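Here come two complexes built around subunit A, the first alongside subunit B, the second alongside subunit C.
For the complex of A and B:
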């Protein structure tokens, strides 16, 4: 039996790039699904069945990660020794300090039953969505910078370092959008905020 | 001496059947050379009602006979048990107001239903339905059936799926795959002929509602999102009509029928009949003749639609949520497929058409399409169907309890399955030997709002200072949508033992015990049958001997042989009531031996007599 790589890039047999052709990725996902899905092994030995289960789990987890630019970047960063996460919503990025302060005031007002804060929150929401789009463009440029650099080079490390910073800012903005959405539409709070797309 | 090489190759190729285990009705299908085909029972019926009854001699019967017993023996008969699969008593309080389930007092995380003087869990009841389907399939295919694909509502949680799998095992079926009902339906529809596109499957059955959105690409059926309500179906419409009819009867007859099980069941039948008619004609009559009294009422479609509008509306919210999860607008849906008996209702069809802005497919019989799809999936597993592949998703997020009663999500809903997540756990105090992990399912963020799935106990952790242990736990949702948990010590790489305590449903040991019990029962049944057969044979030989003793041949027998025959007769009569068939058979054989000469003599006499009477020219 072939040895399975747990590394998503290796499993898909694609280069370790941050910019990916999603259509290509999907095609590869379908090919590998046809090869590995447990449905294809139901008449095989227990050993082969468990390998198929294992392989498909890696395949599906990998597809879910790689097709999403943010998850993909987080995965590659972690894999390259740049752990992400943990500093979630605590540290406010300095350039957002003022806006976050104002936003919290508005959220308090709305919570206190003052519906006049609603239009302001709508405006704030649009503003944060625009910020997220800007961040996504920034990420796109950094992805290109990383992809163009020599692997393991200083330029590559520098790019990853910058990407980590931008991802933290993006996560912060994402949480703000979620808070605003929840305040504006408490009924829909059970549904998670729509994930951003690059 | 040479040995035989026994070829099991053929038996491995025995048919895998596809089963739609529905709330109201169940069907079994298989794949033949031309495509999927529903299997009829001995009377030519395709549908086996999911109704089960306990007969006075202690046997469970399922299907049409049980449906009849619902009228005459309602306290020994149960229907719609799918609503109770994988649920605890606290979950089903609403159902208890509407359904005549008799829950045993000692029910708790597993419900026990009272039928007559015995109790059964929902998987045992479902197993009786599955056994009936298995028998029908074996009779039709002329071969044992031991493997099956069983369909479940897409929105079934882990416990409900596990309960369905348990039912399969109890029925003597290896469940090779649980397939989601809407996904199975899409396989049957053959929509992959259009090669690429996005379809929605709206599945409104007897007791459950599902919506699934799929992308089709070159034979791959990729589910993008699914949503639903496992407690919403045609049953709910029946109950609305039933309530009105009961009120009518109360005022017309001045009699409260609610406590009269037989009366309620007869009225229920009458309203279902009217409901079904209303899908085809503008008005229908609800009619009941019972205990010398009659009740009649016309109901027109307008009133019917006003009545059921809230139920139909309840199906639309999951549809919208599903679209949002798939990140699609209604305009992006190319085709909509209708599944389940309740989609025959015109109001349901128009509501779906309005939402998706496209005329839904209704070409295939909505009662049969899920079973047909299950048979296609069985064909895929058998390797007979190679061009199709289903990629399904988990309907609910999976998480673990963390500090402060908060759920930390590990695998999000609508993730393609199999899907996995790995988390590392450690100890909080020095020398701690166990770590308990509480796994939950659902979208809510607080443990108290989410549904508990199971507690996994990591046992025999090597004692060491707090925080030093590193136990890597892998959560894997398999292709059936069922969670598997494995753990290993990250420091030593050694497998870590995990004990599973399911929050709802049967433990592995309980299922094993039930299977063992059914084996024991089967053995008991076999013994009983053998004794009965031995007695029948004894009756025959005793009667034949008695007759022979009146013949001429008997008189010609030597005295000692006649005495031997008499003795053998008495021997057999003395063991006739034994509960051991071997003892009876032994004495039958002895009498047989003793009367051999007598029988031969009689035969000769008969031949002589016959020859005498024949003219030979």
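For the complex of A and C:
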């Protein structure tokens, strides 16, 4: 039996790059899906069948992770020893904190039944969407910087460090967009208990 | 998850919620946040420039119960302390007082960061003012 690699890049047999050709990735996904399809193992041994099952699981996880630029970057960062989400507030730009604060004030007014904050929230939503787009462009540029560097080099490490900072900022912005959406459209939002917030 | 009575008390009856005049030279403002959970905390101190004693402290926190409790407790402790004494408040003091579980320790860290940021802002304003005074002379 072949030895399965649990590393998504190795499993897909693609280079450890942050910028990926999605069509290429999809093609590999279909090829590997056919190769490991349970139907092809129905007459094989129990070990081989269970390995095919395991391979399919890695394949699906890997495809879901690698096709999404943010998940892909988080995966590679963790793999390279740069766990995401372990940074302190000093890494968040002060202007963004001010905006987050103002936004939360507006959200609170709206929750309190004051609808006058609604147009402001719509504007804020547009603003945060624009911020997310800007952050995504920043990520693209950093991905290219990482891909162009020697593996394990100082430049590579520097790029990963910067990517981590940008990803954390992106997460903050994502949370804001989610909160605004929830406030603007409470019916569509999932129920969240006070206990859950605690 | 179970919360200590002290956390619940601060959460249900937060002390010193509000804001002070940000533009006043005697007011220091600290704004900090935790990217991982999206919490944001604003803590302000009003210092008597003659004595260096913190006369008033206010906060407003958007976040979980532990973050609210940590900053509420911090404002209680700050009042009546000198600026230098305030800088000695450690996040571990908050953890102990509120019996915060390990997963909520970052909330106390945030509160300590907020105190340091607010006092830092106040000190910066004071030095700018004294250098301006020198410039006038």
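Methods note: the second predicted complex is superposed on the first by the 182 of 198 C-alpha atoms of A that agree within 3 Å, B and C clash if a C-alpha of one lies under 4 Å from a C-alpha of the other, contacts with A are read in each partner's own complex, and residues count from 1 in each chain.
The rule is simple: a residue touches a chain if its C-beta (ideal position, glycine included) is under 8 Å from a C-beta of that chain, and two chains touch if they have at least 3 such contacts.
Keep in mind the model is a prediction, meaning the values are calculated, not measured.
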Partner chain(s) touched by A:104 [first = subunit B, second = subunit C, both, neither]: second
Which superposed partner A:94 touches (first subunit B, second subunit C, both, neither): second
Touching partner for A:120 - first (subunit B), second (subunit C), both, neither: neither
Subunit B versus subunit C as contact partner of A:158, first or second or both or neither: neither
First, second, both or neither for A:172, with subunit B first and subunit C second: second
First, second, both or neither for A:43, with subunit B first and subunit C second: first
Touching partner for A:57 - first (subunit B), second (subunit C), both, neither: first
Residues of subunit A defined as touching subunit B within the complex: 30, 33-34, 37-40, 42-43, 53, 56-58, 60-61, 63-64, 190-192, 194
Touch list for subunit B against partner subunit A, complex: 12, 176-177, 217-218, 220, 321, 324, 327, 377, 380-383, 389-391, 415-421, 443-444, 476, 478-479
Touch list for subunit A against partner subunit C, complex: 85-92, 94, 96-98, 100-101, 104, 108, 168-169, 171-172, 175-176, 179, 197-198
Residues on subunit C engaged by subunit A in the complex (per definition of touch): 1, 3, 11, 31-36, 38, 40, 42, 60, 62, 64-66, 109-110, 113
